[in-house]
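Structures given as structure tokens follow.
Note that chain A is present in both complexes that follow, paired respectively with chain B and with chain C.
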Partner chain A sequence: MFGEKAVELIKELDRCPTSLPPYNTDLVSEVNNEMRHLIESNQDDARSEEENRSLSGESLLPTIKCRHSAVIRNIRCLLAYHYNRLRVLRTMRWQFGGVLPSDIKQNLSHLEVEWLTKYSNSLAQYMRSVGEEGINLATNLKPPKSLYIEVRCLVNYGKFELNNGIVLLLKKNSRHFLPRSECEELIRQGVLEHLVS
Partner chain B sequence: MSLQPSYLPNYFSIDDILASQERIPCTFSVNVQKLGNLNPSSEETDLKAGTALELPLWLVQDLSTGRQPVVIPELPKVYKEGYREILKADASAVDLHKFNLYYFELGSYVRVFDRKSDVADTLIHAFTNRFRQLMDVIDSTEHNPTDFQRMDSLERRLFKESKESRMKLHTWLEHSTTPIETAAMVLNHKKRKRGTDL
Partner chain C sequence: MYVEDLKNEFYGFLAGKRIFLMVHYDIDSICCCKILQSLLRHNHILYSLAVIRGIEDFKTAFRENCEDVKYFVLINCGGTVDIVELLEPEEDVIFFVLDSHRPIDLCNIYSNDQIRILSPPEEEAEVPKFDSVFREESDEEDDVESTSGAGSDDELEGRAAKRRRLGEEELVKRREKRLWEDNRSKLLFEYSQFTYYAKASSIFMFELAWSLNKDDKDLLWLAIVALTEQMLFGKLEDSKYNFEIANLQAHATRLHNRSNDSEVKASLKITFEKDLRLVLHRQWSVDNSLRYSAFTACRMKLWSLKGDRRMQQLLAEMGLPLIQSKQAFSSMDLELKKEFHGSIEKLSEKYNLEDIVYPTFILQYSYRNNYSAADIVYTLLAVLETAPKSKNLEECFNDAMECLPRPKKEILTVGVGRAQTLFKVMFKIVQSALEMKQIISAGPFVYYIIQEGFLEWYMFSNLHVLALLAQFILKAYVSMSRNRKANQLPLIVSAPKNIENGTCVILGIPPLCENSPKNFFGKAFEKAAETIRSETACDFFDTSYFEIPVRDRVRFLDALTVI
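Let's look at the complex of A and B:
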């Protein structure tokens, strides 16, 4: 059946909507081959249809129609595969911050890595251009109620220097009272936990 | 996936692509040369007029329209009279997931294969009937997995989204401050990593 392999790609994405499965180079190139094959046989048949038009006989048009809609279907699946992967990747850029964990990076194709670098650069450039000193859009995702918040450390993170020069040692299960603006990123990355009484 | 705000059906929508992969029974009205391999039960190179096959919806949609339709589609059996009667009797008691995973989405496509608008009416009737029950399930605090299992993909999506927003509203009313949370993907990633460490 036509288009089976292309749907396999989509199913792969459907199974894990919030993470990225490894980029399936083999299957993508198989779908490409299927499309090339379909287009070539359509061209051949269209040519012979032109030549035999005057002769009575079976028309090849239905065959061509079938193959053509299979090509269009394959294109849709391929585009959807890549587009939805980019969507996940974009969300990851916001959630993980600038640097992705290496095991996620392994799952990307080299074009996706390239796209991510470009996206990060544009984002950084935009954030610098807003206002006089630039603004970090990744902070204050929720309206702040106080300048300082209480946090608990979830992992042995090591040393952490605040803007005023004080160096803290973030040990597992230690509690701290920190400026919200400086620890928000660490909370998002799962290093600290925000304690709400 | 979220309820996508763009035009419907969204070209990139994963759900829509999977729904249009469902097979529809149809009969060929003309001979189609060289495509005998579409019919797994015969060895011939051509498809004869009159052959009955189950083809994916996307192909049927392309082939059944136009001046010279190549195939004549039929309603899949879960949209036929018998099943419609079941839905009419008591839609909320039905295990829709067993009927079809994409019952409503697929239904909105195949309803055009039915000359009377019975299918469309049944779908609306079934959805409004089941929606009340869906809201009840979302409101109730105890989690009953059988309720969830009996929903089709559209209802599951509604269920997840409203459960989430209800929880958000609740925490906001309770605390009025929202704690900063670890990003969902980071959390998922950590859980998976922990799984591989063990």
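Let's look at the complex of A and C:
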């Protein structure tokens, strides 16, 4: 039946709504082939219809219409497939920042990679243009619960100076109560551990 | 200097400043620290926190941070030592001391501004007046001059000349001074002869939270745990315990009424109840709990065959089948479980188990977990002090911190397991000590030495575990001894501390008849160490503990008998 493969693509999207499975090149090209085949047969039929219109009472018009709607449906499915992938990709860009983990990158098609670079560029450009020194929109996607957090130091890091000039000694196993913005970087580096109480 | 108005002079004062918390390694300190943390969090006060185990840690932590921080808050540490002399801080460094160890060093009390003591002075402790302890500097200089040993010839000559000049007036003055000095040393001795504990720091902190209107049930539970800890480790008298518990009960009712109904079901609930003095019986089986609790073991002499029989008899009279008594309490038959408390209470008189019930609090957290305050204290003790050597103390501290106020299942399970082992081991130690007659009477006191290589001996190098064992041994000894005066004898226990350095820790506890936890061993230990000229490195804030090299131990005990 027509359009079955395209539905397969949609099903694939549905199966994993938040993650990116590998770009299904085979299936996409198969759908493309199917469409090409349909269009070609439509063109042939249309031509013969044009020639034989006066001869017989039978008309090929319903067949053509049926094929045509199958083509349109395939197109819609393909668009949906790509659009939704891009949408997931965009949320990932906000989540992970400019650099995506390599296992996700492998799953992208080259066009998607291109789109991502362009998107990142425009985003960066915009963030630079806001305010005097630009603003990083990607931090704090959700408002933080508190401005200060309790952290525990995991390594002997040495002295650390906060923005307001306070110096503190980060020694292994010491605990501190610090502004969230200042320790985020250290938490990511694995120097500090966030204690949730 | 005592801080009178905690709200403004302590909490208000700290607003916007960066402070450094030093927390002693015990349960009360952890509870107190948790309450303080929540208060600081409300006000966005930045802090750093370090664990302090002894005087050495105290010095190191100060040295490392003194350049960056000006305000130190000491929880259960530092009060008993002269902070200014020990740490030599800059003029502008300020210490806030909340210490339940007593007596507080006089220099700390009379320090003008640098040291601020948060707990008010107790009524019964008589702090010597300032005038009778300190004098003007010039006097002392004079004193030094006149008493300093042989100097150069010039000096000698000068002194001789001076002596000639001494008039009658001078003599009177000297006499006065001598009297004053005698009086001073007497006062100082009276003030410092006993080591004891004051009200738990957590309760002070909770009261501060209350006055700031920031108290909630979590904080109350912390205060309860701290109070229970003091009671279980014999740090305060029963009357005081009852007084404080009534106090906390009022808070519990107030906080319970304040929260609305929907909240009550899902979150934690604190109920005031009567509970049995059986260790961990909710987490253990009835049989084990009866056997290994110090209370029942001493009252029924469970280490003997006869005692064992008595226990079986008790179980039979309670109508508790043996199979049921040997399985986990939580999976016992519902009927038996419900009746358990009542039936043991009914039979308590017959089996010499009076006052087996005591008032305490039970924590209900979510639907299925019920913990009594004592269970939590024992578990925390196990988490803090019986961890295998491979785990360092900071990790234990972290575990304990995470376990409060809302118990964490995983840590708790491990802790309960370890606490059970601890009680079993303690029971075995007591049993073997009594059977082998290892508790030796040395005239004015009895002593017991835990040998190296004894089962799980490493646990007993920790202070509170050792204290628990000491109390158990003393009670067992008194209940077994034929000597009528046994309950007037204090006990000294010694356990290996550090095998590599060959040191051991020594703990003395007051006799049972005293009925007060005031401990006079601190001074005696110091004196004994002086007489035998042993090199001691005492690192403890509680002076009833002492550390000496193992090879000096016998001489040390001998010296103690003489004192």
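Definition applied: the second predicted complex is superposed on the first by the 144 of 197 C-alpha atoms of A that agree within 3 Å, B and C clash if a C-alpha of one lies under 4 Å from a C-alpha of the other, contacts with A are read in each partner's own complex, and residues count from 1 in each chain.
The rule is simple: contacts are C-beta pairs under 8 Å (C-beta built on N, C-alpha and C of every residue); 3 or more make two chains touch, one makes a residue touch a chain.
All figures in this text were calculated on a predicted structure; none of them were measured in a lab.
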Is A:N136 touching anything from chain B or chain C once the two structures are fitted on A? First, second, both or neither. neither
Partner chain in contact with A:S29 - chain B first, chain C second, else both or neither: neither
Touching A:N156, do we find chain B (first), chain C (second), both, or neither? neither
Contact-wise, after the overlay, does A:S48 reach chain B, chain C, both or neither (first, second, both, neither)? neither
Where does A:Q106 make contact in the superposed view: on chain B (first), on chain C (second), on both, or on neither? neither
As a test of reading the superposition: which chain, chain B or chain C, is in touch with more residues of chain A? B
Would you check which partner chain A:P62 touches, where first means chain B only, second means chain C only, and both and neither mean what they say? first
Going by the contact rule set out at the top, does A:H176 touch chain B (first), chain C (second), both, or neither? second
A:S122 in the overlay: touching chain B, chain C, both, or neither? Say first, second, both or neither. neither
Quick one: classify A:T91 as touching chain B (first), chain C (second), both or neither. first
Would you mind listing the overlap between the chain B footprint and the chain C footprint on chain A? none
What part of chain A is in contact with chain C in the complex they form? 146-148, 150, 152, 159, 166-169, 171-179
Name, in rising order, each residue of chain C that touches chain A in their complex. 18, 37, 40-41, 44-51, 64-65, 67-69, 394-395, 397-398
Going by the contact rule set out above, which residues of chain A touch chain B in the complex? 1-3, 7, 10-11, 13-14, 17-19, 41, 45, 58, 60-63, 65-70, 72-73, 76-77, 79-80, 83-84, 91-92, 94-96, 101, 103-104, 141-143, 145, 149, 180, 184, 187-190, 193-196
Per the contact definition, I'd like the list of chain B residues that touch chain A in the complex. 1, 11-14, 17-18, 21, 30-35, 38, 56, 58-59, 62-63, 68, 70, 175, 177-190, 192-193
